[in-house]
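This is the structure I have questions about; it appears just below.
Chain naming follows the written order as A, B, C, D and E, and within any one chain the residues start at number 1.
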Amino acid sequence: MSTAATETTPQDDVAVPDDVLVDVRGLKVHFPIKRGVFFDRTVGHVYAVDGMDMQIKRGETYGLVGESGCGKSTFGRALLRLEEPTEGTVLFDGVDVASLKGETLRRKRQDMQMVFQDPLSSLDPRQTVESLLLEGMQAHGLAKDGKAATARLRELLSAVGLPPAALRKYPHEFSGGQRQRIGIARALSVNPQLIVADEPVSALDVSVQAQVVNLLEELQEEFSLTYLVVAHDLAVVRHISDRVGVMYLGALVEEADADDLYAMPLHPYTRALMSAVPVPDPTTEDRRERIILAGDLPSPANPPTGCRFHTRCPWKQEERCDTERPQLRTIELEGVPGTHRVACHFAEQIQRGEIQPHEVDVSFVEQVDAQPDDATPVTVEPGAP
Amino acid sequence: MVGVMLLLSLLLFVWLRSLPGGPASAICGDRCNPAKLAQIKKTLGLDDPVIVQYLNFLKRAVTGDFGVSTGVQPGRSSMEIFVERLPATIELGVLAMIIAVAAGIPLGYLAARRRGGILDGLTLTSSLLGVAIPVFFTAFVLKYFFAVDWHLFPISGRQGDIEATRVTNFFVLDGLLTREWDAAWDALRHLILPAVTLATIPFSFVFRITRAAVLDVLDEDYVRTAEAKGLSSKVITRRHVLRNAMLPVVTIIGLQMGALLGGAILTETVFGFPGLGDALARAFTGRDYSMLQLLILMAAATYVVVNLLVDITYAYIDPRVRTR
Amino acid sequence: MTPLNRKKERLDGLAASTAAPAAGQAGGVDVMDPVDPVGEAGAVRDAEGVSLLASAWRRLRRNPMFIIGAVLVALFILVAVFAPLLAPHAPDDRPLIGQISASTNPIPKAQDGFPLGGDEKGRDLLSRLIYGSRQTLIVGVLATLGGLAGGVTLGTLAGAFGGWVDSVVMRVVDVLLSLPSILLAITIASLASQPSQWTVIVAIAIVQVPVFARLLRGSMLAQRSSDHVLAARSLGVKRSAIVFRHMLPNSLGPVFVQSTLALSVSIIEAAALSFLGLGNPDDSKAEWGQMLGAAQNLFDLYPHIAFWPAACIVVVSLGFTLMGESMREALDPKSRR
Amino acid sequence: ASSDRDSGSGSSSGGGGGGGTLTFGAAGAPAVFDPFYASDGETFRVTRQLYDTLVMFKPGTADMTPALAESWNNSPDGKTWTFNLRSGVKFSDGTALDATAVCKNFERWYNQTADGLAGAEYWSSNFGGSKVTKEPSLYKSCTPTSNKVVVQLNRVTSKFPSVLGLPSFSIQSPTAMDKYKANDLKGKGEGIAYPEYAKSHPTGSGPFTLEKYDTANQTITLKRNANYWGDKAKIDKLVFKIIPNESSRKQALEAGEIDGYDFPNPADWNSLKQNNDLKVRPAFNVLYLGLNAKANPKLKDLKVRQALMTAINRPQLVKSQLPEGAKVADEFMPDTVDGYNTSPTKYTYDVNKAKQMLQQAGAAGMQIELWYPSEVSRPYMPNPQKIFDAIKKDWEAAGLKVKPVTKPWNGGYLDAVDNGDASSFLLGWTGDYNTADNFIGTFFTETTNRFQTGQYPWGKQLSAELTKADSTVDEADRTAQYKTINNKLVTEYLPGLPISHSPPAIVFNKKVSGITPSPLTDERYNYAEIKK
Amino acid sequence: MTATTTRTSRDARTSREPLLQVRDLSVTFRRSGEEPFHAVSGVSFDVQPGQTVGLVGESGCGKSVTSLAIMGLLPKRGNTVTGEAVFEGTDLLKLSPKQMRDRRGRDVAMIFQDPLSSLNPVVPIGRQVTEVMERHQGLSRKEAEPKARELLDKVGIPDPSRRLKEYPHQLSGGMRQRALIAMALACAPRLLIADEPTTALDVTIQAQILTLLKDLVQDSDTALIMITHDLGVVAGLCDEVNVLYGGRIVERADRHDLFARPRHPYTHGLLASIPRLDSARGERLNPVPGSVADNLPWDHACAFAPRCSNAVEACRTTQPELERIEGGVETPRLLRCHNPISEEA
């Protein structure tokens, strides 16, 4: 695609480079919490996605990681307008998807597809694989001629490594990995540019997981696809992604090229996350420095003020961290490239070792009333840096 | 909720008035003629536009005045009749529910525990029969054998020829309060057959829900945890299985409480039990609009109240609801 | 949680529990075809596709509850269809009228050619029972179909569109749900200006509407947020196609089961209406509920004329209930095998 | 039903029988205890025991006999009636039942407001009018003179003074009525609200007084009036227990919970007779099939009406659907009423003849609506549907196309019949007292009656004939006129088809004796005795 | 709560009498109308006091069934269990239900995967902890309460007094799992079975729980059977690892040996298919082809054969035995394979 964005929204004053396929600005998705005996009143909101900025370049794989409930899936869905954004813009190839309506939106969907976590529930149990695959093609007028359609179906199946016999079968007759392949084939069926894969391998066995990961990589080359891969398994994300964004409570806390991020995580949360991933190597495991975070992810209905992470951060500083919300920024530090952005006030100081980790009060942020004083101290294992 | 009630009352009101016959004809009697009928309608204001009538009705209803009965007990205030008969139906309903619950829960539990066994099969089938047999037929059969043939229970009514002081109009309770033991016993005897009849339907639901809930709970991880802790089966049953299985059962009890009034129409009719069900049945045949409006609205309101109660009970036994 | 919600919740729960029958299949371990070259993605067996219904059917076939129910229902339908061949007399013929005397011999006794005797109008009881199956089936089926049609329409509207359409439709359904079903049926039937078979059918149909509507809406809503509908949406499939191809077919399971149960409820409620004198006054075509209702005053002296129609009703509605309940269980993903 | 603790209460000093309680199973609750505002049998059954009327009906008959008035006479013009009151009679509140009190009752009746008039069915249909609403009335004035009451009427009528035997015209205590605001009737929304008096303070001079009305348990307990002027009650208490369901009443009787009930289902008669005392009340009613040519012009032709009559197999209908003792009706009134014509044309069942007649009238295979009420049972037609069914079958046999129409009694049936919407309909009448006017006068005097006789050429004439007969003072003359009218009614007019007279029954268990079944359901319980 | 990174005196421990000896454990499920299904067959292993034994394998390989069989918690009907599970001299499988009840929770305790569904939603946490002590230590509820508070404190639940009165839904995922652990530890059992205790949790929480388990086992000399499908978890925690495939142990080794030199093609395949944080990026993963659905029956073949890149003719005709092989310094190495991966890597 060579043409630059033809439609731009007025507020879009930042120049979007040509190679950016998706440009998300200030995306927010808030779900109302309804309650009430006589009338459903909105008593609050779940701030599932709360100010996401992201650019995905053509042909790259963007990996999005974060703990359960931090809003990864919601973001992915909002990107595809499967969830109504509360605020913000999503420019897809220059068109603001967040403002499309009706038939235009439906047409636009051809360009962006989704692969789901649970391969079974994302396939209509009452449709054969054939009709599942044909459906999208029909919706976009790609299956006008029966023969061509059949040929394309076979092509799709072979692309995802399934025999043609699969066409007449129902989803429940396949194994998990095979189902996920069907899901991928369905996404491919309309020739999309972008595929949002929401935890595409989390539900699969390790042995099968690798098959699907490989498949995704192959397909990317073959069909020049752009991926947004949402996952909580850092190893998988690292393996598959060109760039990785780390999400915490509805917003990115760090974003960098995959190698950079893993080589030098800057945000305290990213550090903790990475140190927590067990590695299938006893020697490494025995020697590893580990940052054990205290407590859990606070409730997105009642997110902490300031830096969302300050309640669990071992490097938290007085004042600034709990009052001012840090923005994604590049930092001036040796060996940190300009593509590496982090949302931490003290990233430089931490990296330079000027701020030392300390113990953290475990406050259970999801509980409004919880005010434990005698909280357990967090353990930050001392070890060689 | 209020909206639902208003809508219901409006629909009912307009519909009732669009029908032939009605209170004016009832008052006019057998020697009626059109002129006389018109006169009566005029006197009662039944010739006003329906919407005017409805607004008047609402105005009066707000003050608790639902008009005067023309069929159930002509000339008495409908509200008075309602208040007087309510205890009868409550007494009946509560006893029926007690029977249904007392039989349904233990049997449901046992059937679940011995799933697929003979006891399970028998109780399951009989509970299905509970729904498959028309209530009034059950009533006839029970009455025929227990009252007519074997004289074990009285045939009809709430109380026989017995001196009884009325305090609350809950006859059993009154008997106990005033220490008129024989009156209490007599009132109870009158309740048993109708209550058993009425209990067949909720029994079947309570039984099946208990059985299903227990089966579900037995499969729950926390029961396995309890087993893993080596707890005695008594504790597991009581604290871990039943307490959780009761949640859906409470719901169904609530639902069935509302539905009991439906069953009461048939049961009370067969047993000549002067409660609301009997009043309803007669209000229908007597085209007693005032009574109908009151009773149907009250039935809907009861339903709402019972549901509220269920919610409250639910919150009491399910901490997940309580602390939200 | 709003208070009216208990009944609703039960229906919704029911809907949700059966909405995704696929989930039940997920854990099952299948016995393999031993030798099969493993492609990259593993073997795909060659056998023709087995739909979910087929597997539910396989489970049903072995369930005695279902078999008994199905046999009873089948018998009932057969009798209804072949009534004219089976019945010795027309339902409205009065061969025994001559024997009747209101206060000395109101019910003709069993005699040659009249194995069950006659009724109070001198008609052959057996023939009326046989013909009764017809009328009973008609009332049951029409009332259920009526309820189904109304309920499915409302439920689809509410479930497919959500938002204010859902609110409006559900308020209407709430009004209907807020009354015990028999009370609602009585209200409708008794307030019809001229009672007839149709008032009975319409009354019972209306009673069923909210149940079906709620049930369908529940599963439709569950479907709406399910991944496969999301997938279809993201494919850009048209809304109508999503509703009719994905949501509706996947939501009909519980509705279908419910309609079996509804048939039995219809038959019983028709009987209750007759009992209260609100049934079809024209008894030239026999109907069991009506026969039972007419027999109520003779129960003491001539229990058999009440017993036979009652027994027929019980057996048939038990048949439908057994069928419905076992189907419900078979479709319920949580049901243990 | 007589429980030990109730019986033999010491109050039975005034002689009489063995005391005890008689429990009667009533089908419904009395509407009020003020019979003036009542029109239903359930209310009258109770108030008859509480009040006296000036004249009453001889037990077992519909004929007048002295009651509060020991004797009466009539002025030659038939408009001034003088009643000689029984002396020493007291109301149960202790006040005297004297001429002033009686006239106060008349005045009260005549002074009803519009609301009151709406509630006073018997007054408005027999006397009509009210001073307040300024409508003309039969009643003119009442003058008390020492022991006599002089009542003046505006015109002559045969029903006077029999009409005064109706329970609605019970003489009630003016003091009590004032005290409890007996006239304070209010039309309210859907119904009429009754005053305290009618609800709980009935005060009359009858053989019983109200002890309590247990509305919650639906029982009414009457107590023996020890000061009754006439034959004092032998039982101590009379309890009416309301059991709406007919078969429950039967079962309750057999179980000994009640001592009696009335209108048993004809099908139960035989079995009831075995252990109980089933008393058949003389049939004082008529079931007819009303015809209305306005709704179906073919009916204008007398031939057609006669054909319809001929087509009905009334003997079989009576035998198979009506209780023992029921008779085919040849006229619109029972043969015990003066003016019955023993030799009018009698119609016999003949399908072929009926077909032939229809043919001749050009109405072969005509379509006709046949109306019958649902949800109701009347003494003259225990089961309307069955009677309808029998007639329908017969008519169909004669080639007619019968279209059934049914509506609930109070839910449109009566209204439609009154409006003249029903071309043929089942209806009947139970007499109030023994005059021909009470039957045929009620049916046909107005030309806008249910039969819409006004549209026949003879309608006005019939009306005039009836009015003339009714206002004939001489009894013999009057009877002769009625005989003629009766004959013409069935032969020349035939506005409807008389079907049957069927006797209702009342049943007691064998312990009860002394009750004479009344054609007017006017059983007197002061004569009842309970064997222990 | 500071985790040390090395273990000491392992040798001393492993030489003691085994605490639990599982011998030839087989579990067969029978459903009417279907072939009997051998979920677990011929599984044998020992657990020494203080030792952590890992059971790893993909979903459905029989890990949970093994542990449930040892605990006597399999469904009452529809299955047959054979073999032995000798715990301190008594065969647990032969105990009567009553006797088994006395042992469960006291001598052998278990933690389950999903901490939310494993806790009774309508009973306060405290009660769920104290009831174990009431049952096995004869304490009254009053007496048990302070102990429960101590326990909660020990597993790292802040403000234990308040938590005692709270219900499971009021706790976060990590806290729930801690509460479950507290229940399991209430009577100081000598053997703890943890069935995927961290699978439902996020990595950061998983790290908390794993640290906790490690410390507890170390401090109290409790033996731990750790069931997981995450090889990373095994690598950091277990002394000895058993790899299961299709209901049978296919390889057993000391963790160092296993990860350094996997011999079974399946183990090798598993390791090769996992992307690792510490390896170079960008290289293709080497997945195990096919899925469990392709398994052969063990009786006449190696179940893994259809997916195995090393398969030889024998793999499809004869069942390999679990045999001791070379290597395995401290723990004997066992392998079930006709054509193992050569020993270099």
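Just so it is clear, contacts are C-beta pairs under 8 Å (C-beta built on N, C-alpha and C of every residue); 3 or more make two chains touch, one makes a residue touch a chain.
Quick caveat: nothing in here was measured; it's all calculated off a predicted structure.
Among the pairs B-D and B-E, the greater number of C-beta contacts is found at B-D. The chain with its Cα centroid farthest from the Cα centroid of chain E is D.
Centre to centre, using the average C-alpha position, chain A and chain C are separated by 47 Å. Distance between chain centres (mean CA atoms), chain D to chain E: 92 Å.
Once the centre of each chain is set as its mean CA position, chain A and chain B turn out to be 54 Å apart.
Annotation for chain A: residues 35, 37-38, 175, 177-178, 211 touch two or more other chains. Within chain C, the positions touching two or more other chains are listed as 1-3, 39-42, 190, 193, 277-278, 296, 299-300. Chain contacts: chain E has residues 170, 289, 291, 293, 307 touching two or more partner chains. Every residue of chain C that touches chain A in the complex is listed here, in rising order: 1-3, 20-23, 25-26, 39-42, 44-46, 48-52, 226-228, 230-238, 241, 245-246, 249-250. Within the complex formed with chain C, the residues of chain B that make contact are 1, 3-5, 7-8, 11-12, 15-16, 19-20, 124, 128-129, 131-137, 140, 144, 148, 215-216, 219, 251-252, 254-255, 258-263, 265-266, 269, 280-281, 284-285, 292, 296, 299-300, 303-305, 307-308, 310-311, 321.
Residues of chain C touching chain B in their complex: 1-7, 9-10, 65, 171, 174-175, 178-183, 186-187, 190-191, 193, 264-265, 268, 271-272, 275-278, 289, 292, 296, 299-300, 303, 306, 310, 313-314, 317-318, 321-322, 325, 334, 336. Against chain D, in their complex, chain B makes its touches with residues 19-23, 25-34, 36-37, 39-40, 43-46, 53, 56-57, 60, 67-71, 73-77, 81, 84-85, 87-88, 143, 147-148, 151, 154-164, 166, 169, 171, 269-272, 274, 278, 282, 285-290.
For chain D in complex with chain C, the touching residues are 246-247, 250-251, 265-271, 316, 319-324, 326, 374-375, 382, 385-386, 389-390, 393, 404-408, 411-412.
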